[in-house]
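Next come two complexes, and both contain chain A; in the first it sits with chain B, in the second with chain C.
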Partner chain A sequence: MTKRQFGYLLISPTIIMFGLFAVYPVVRTLYLSFFEYRLQFGETMTFVGLKHYVNMLTNERFWNAFGFTMAFTALTVGFEVLLGLAFAQAMNKDYPGRGLLRVVVLIPWAIPTIVSGFMWKFMVHDQYGVINQMLRSVGLIRDYVPWLSRDIGAKAILILADIWKTAPYVSLMVLAGLQGIPRSLLEAADIDGAGPIVRYFRITLPLLKPVLATAVLFRLIQSFKVYTVIVALTNGGPGNATESLTLYTLRTYFDAGNYGYGSALASFTMIVTCGIAVCFLDVIRDKVEAGRKGRAR
Partner chain B sequence: MSRKTWDKALFYAFAAFFVATIGFPFFWQVLNSFKLEKDIFSLTWFPDAYTLANYRKAFQSRPLMEYMGNSIAVSVFATLASMALGSMAAYALARTRIRGTGLILIVVLSVSLLPPVVIVNPIYALIRGMGLLNTRTGLVIVNTLFTLTLTIWFLVPYMHSIPAELEEAAEIDGAGPWICYSRIIMPLVAPGVFTVGILAFIQVWNEYLFALVMNPVRVKLVTVGLKMYESDNYIPWGTIMAASTVIVVPLIAMVLALQKRIISGLTSGGLKE
Partner chain C sequence: MKFKLCLAMILISMVFSVNAMGGKDKAPEGPVTLNWYAHAATLSNTQSEIVAEFNRSYPDIRVNVVELPEATSDKLQALLIALRSGDSSIDFFNADVTWTATFASSGLIEPLDEYFPVSKRADFLPGTIEAASYGGKIWGIPFRTDAGVLYYRSDLLKKYGKAVPSTYDELFKTAEEINAKEGGGMYALVGSLANGEGLTCNAVEWFYSNGGAVIAPNGAIVIDSAQNAQILEAMVSAYQKKLMPEGVLSYGSGDARASMFQGKQVFMRAWPKAYAMSQDPKNSTVVGKLGVAPLPRGPQGRQGISVLGGWQLFLNKNSRNKAAAAKFMEFYAGEYAQKLHALKDTFLPARKSLYSDKDILSAYPFYGMFLDVFKTAAPRPQSPFYAEISGILSTEVQNAMKGSKTAARALADAQAAMEKVGR
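Coming up: the complex of A and B.
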């Protein structure tokens, strides 16, 4: 057996796996989105063209879910990047105790989203919630607030819970970027009289750009598929205020048994994801090239 | 005060804030898991008496032991499968000059970015068609798929970093491709395979969407099981906090024991959650 044949042999399980459980399902979802296909009608499928997409785009519940998902994505990723930059800056100092910081950072990352969702649900409870107690004791609120039964409150708590879970992880990625910046560069700028702020914006940030672009790409796409934290905290409520696209799609599939319309929603999610990816083509090209040629990263 | 002192003061102020905000929710969960219900309801921070009753209830009111067993089995097998398939694929992609590496890498990256909801329905139908709904095997297959992207991305650069001369020398001595792979490359990349295995394990343990959808009735993993404690009009907070602690302890132990590896893994190429 030649080495190349051996290579094909080793890669074949992966190709079968991806073909069967990723490529085929994607094609199948796109295909089903053009059909009327419901659980209660059995296996009958009727071609309906773009009907589901037209229905989707004229459906208020869809726009609500899409709008909430977009706002959630923008706010979580925005805050996570800002906090990640700040945390990383602190972790990059050489003072005793920074080891503790690096361990603490891993806790939210390692905790399952469903568990962290319940933690937050408990902390913001309208009667037994410690956050209400704290806010009242410092005089910020007079009565306990039922955060999760209010539209804005529920959204804000979900965003907060996501930031808590993910900002530390972003800070680790930024830290890796910071450590790749040669110290001599910053020292030289210091000697030339550049203050810490100038150095940060003129040297550090531009050099962090590739790391940040990668982090933002992955975080945008992860945030856009938000689901689990919602299941734990609000289940989409109050009303449908916090129903994300993923939650809406899953309900269409498995509660309503409407596979055709659900597939249109799923396809829409895929289109948005592709849109995000296209904005970061440089990152993707870099990563694929690195994989082919073996450049570091 | 000098600039240095200011810098140091700022660092510790920031670090304190940072540790407090990140650590508090976890601390609060563990603390309340040992409290009596009346102390939970009256928001007493440090009551006079503590109890293990919540833990007893966590195991008695729901089959938490069974959930744990299911989660351990699925996570272990999916992780092992992903380590095996991922190292094979990464070797093929990095070192054997097969055709289409660019295309395969693009597919792998796309799958790692793909929201699960896009493929959940066809996968559900496939798994049902294979008779694997409500089985651990079905969940192992799906989780292997999602962690395989991680292991491949992580291991391809690792494989590239090994000097080609090592393999060439063995080939001159008459070693076939299998010997090169199993005796030369694999021992060298074993630490990397182990590191990415930890990341994969944590990812599978924490997965919720497929764990829910593919097991409507029988095999429940810890993440899905946790949701079972709630009923419409009553949430047993103490029990949920105790069950949460049980679910999280293996992970926290792993993170503390292997933090160096995890950090290097997270920052060097593993980009998924």
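Coming up: the complex of A and C.
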């Protein structure tokens, strides 16, 4: 056995596991999406070609779910990045109480999503919600607002709840990135006369890009698959206003037992997330290579 | 030589195991162990008590209780995953009333006509039998039922000399008057109207109670009707006039109960089990102030009609102990077991005779009214694609309630969407 063959032998368990638990389910889901396959029809499977995809793309409910998921993803990730950058700066400075701040910022991230979802549900309740009480006591509203009974309200609360929970995660990633930036670079720029704003945009931010790209990639994919917070807060309501793609998929596949169409929905989600990942992998790899070249020079 | 011996032994053992598998449907000799996929044990652990009593007559049939997840949809998922893989270790299991058509058409369960013939069904409430039947066969043995009822503030109705309303018009008028005299801050009606199964139950009751329907007996979709539109419009206008809490479109049954228990409601639509909770002073301010009545009717309905909830036992098609399982299923749906559950867990029995049982009535006097409620109570729409039908119904009703569509438009859209289901 050559050294090379021995190498393959050593990694074979990983490859087998990966194939069994990652590749097989994905291929199987794609395969099922071309069949009419339902709980109610027993185990009979009928090949229907692209029927499910055509149905999906002509279905108002799908576009509604897709539109909401896209808007949700863009808004949550956008705000989380801005807030994450701000929090990370605050946590990176040296001052008394910094340790406490770092802990406090992480609390929302540490609370399970389903729990924080129910917490938000109580806070925005139309009869005894603390948010309504606060807004009324400062005179912003006259009557309690039934947030979750209105489309805009329900969407806004979901987005807020997700930002509140996940901005700490982004800030932690950015903080790690900030700590990796050599102080000497910033000091040199300072001596050359660069002000704090120039330093931030010319040095800090470019050097944060790889870590930021990773954080944004993770967040985009997670956000695109949003499910738990919706189940806790609105269950897709009012009407279908807050039904995400994942919620729609799970309802179709598991609740309705429509395995063929459910697989088509799942495959669509998978293709979109893979697309996102591929875009970002390029960014991340470029940065890594640029870093290597920089060092080589 | 050794190799040949090994081969021979393997062959012999294979022959024997094939033999053992051959006798699938015959009742096995000697003791058998049945696996019953059931609800998690109640506080009073009634299930084990019933199993122990069963074993006094059938010492050879051991019943092993396997607990299912808490939420009904999780129960369904867990069961489907196991049954679809051909798992024979599940012998029989608790099934929701809405599952009959889905399971029957999937071929995963055994029809029970042989074990539960018409002659044994006389004492069961007709609604529970109807809900267990599909395609001319019976698939479940009912052991527990449930029906939506109207809770009212008996103290306030008495104070202002009002009768328990028999129509929704009366209900809203009575409540408005009481609210005005009580100084405001109260709502007329509340129910579990968040998008989901609770809303489906409420809305189907509105439709049925106004002479409407969702699926006709011949299977045709008939949700887009004048009766349904009329009652839905009445509910939409009540919601928009704030006769229901504004947040009710996100209320589950717990939120609805909370509003009632905090004294903010004159009326509430809920399941009977809420009564026991309402009498606990730790989480209710209305102890001793609630009455329970049949649901009101709409302007075109002859009477208020409750939808049936409840549970039944299904027999796994792949069970190897069907005869023994049927014995326990019959026992669990028998008088002894249902009475024990009524007394210890306030479950509503599926058997008529228990509603005139002295022990039950002295413990829970309001059980007496249920025979009248059950005379008219009806199952939710029966369809193999029930989950999809229910999802469309609750979503479109919410679209009407929140005002993004007229009631008529929402029902027409529901009709169109339901007609596509299963295609």
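Just so we're on the same page, the second predicted complex is superposed on the first by the 265 of 297 C-alpha atoms of A that agree within 3 Å, B and C clash if a C-alpha of one lies under 4 Å from a C-alpha of the other, contacts with A are read in each partner's own complex, and residues count from 1 in each chain.
Note that in this section a residue touches a chain if its C-beta (ideal position, glycine included) is under 8 Å from a C-beta of that chain, and two chains touch if they have at least 3 such contacts.
Keep in mind that what you see is a predicted model, and the values were worked out from it rather than measured.
A.B. asks: Given the touch rule stated above, what does A:230 touch, chain B (first), chain C (second), both, or neither?
C.D. replies: It touches nothing on chain B or chain C.
A.B. asks: Answer with first, second, both or neither: which of chain B and chain C does A:127 touch in the superposed model?
C.D. replies: So A:127 meets both chain B and chain C here.
A.B. asks: Among the partners chain B and chain C, which is in contact with a greater number of residues of chain A?
C.D. replies: After superposition, B is the partner touching more of chain A.
A.B. asks: For A:170 in the superposed arrangement: first (chain B), second (chain C), both or neither?
C.D. replies: Touch status of A:170: no partner.
A.B. asks: Could you look at A:148 and tell me whether it touches chain B, chain C, both or neither (first, second, both, neither)?
C.D. replies: Only chain C is touched by A:148; chain B is not.
A.B. asks: May I ask you to decide whether A:56 touches chain B, chain C, both, or neither, giving the answer as first, second, both or neither?
C.D. replies: neither
A.B. asks: Kindly classify A:1 by the partners it touches after superposition: chain B alone (first), chain C alone (second), both, or neither?
C.D. replies: In the superposition, A:1 contacts chain B only.
A.B. asks: If we overlay the two complexes on their shared chain A, which of chain B and chain C does A:258 touch? Say first, second, both or neither.
C.D. replies: Second partner only, chain C.
A.B. asks: Per the contact definition in the header, classify A:88: touching chain B only (first), chain C only (second), both, or neither.
C.D. replies: After superposition on chain A, A:88 lies in contact with neither partner.
A.B. asks: Where on chain A do the contacts with chain B and the contacts with chain C coincide?
C.D. replies: 125, 127, 254.
A.B. asks: Quick one: in the complex, what on chain B touches chain A?
C.D. replies: Residues 7-8, 11-12, 14-15, 18-19, 21-23, 25-26, 28-29, 32, 40-41, 43, 85-86, 88-89, 91-98, 101-102, 104-111, 113-123, 126, 141-142, 144-145, 148, 152-153, 156-157, 160-161, 176-178, 180-181, 202, 205-206, 208-209, 213, 222-223, 226-227, 237, 240-241, 244, 247-248, 251-252, 254-256, 259, 262-263, 266-269, 271-273 of chain B touch chain A in their complex.
A.B. asks: Would you tell me which residues of chain A are touching chain C in their complex?
C.D. replies: 39-43, 121, 125-127, 144, 146-151, 154, 233-240, 251, 254-258
A.B. asks: If we count contacts the way the header does, which residues on chain A are in touch with chain B in the complex?
C.D. replies: Chain A residues touching chain B: 1-4, 6-8, 10-11, 13-15, 17-18, 20-26, 28-29, 32, 86-87, 90, 93, 95, 97-98, 100-116, 118-120, 122-123, 125, 127-128, 130, 133, 164, 168-169, 172-173, 175-176, 214, 218, 221-222, 224-225, 227-228, 231-232, 245-246, 249-250, 253-254, 259, 262-263, 266-267, 269-270, 273, 277, 284, 287-288, 290-294, 296-297.
A.B. asks: Taking the complex as given, what residues does chain C use to touch chain A?
C.D. replies: My answer: residues 73, 76-77, 80, 84, 102, 105-107, 194-196, 245-250, 255, 259, 262, 264, 384-385, 387-388, 391, 395-396, 398-399, 401-402, 404, 422.
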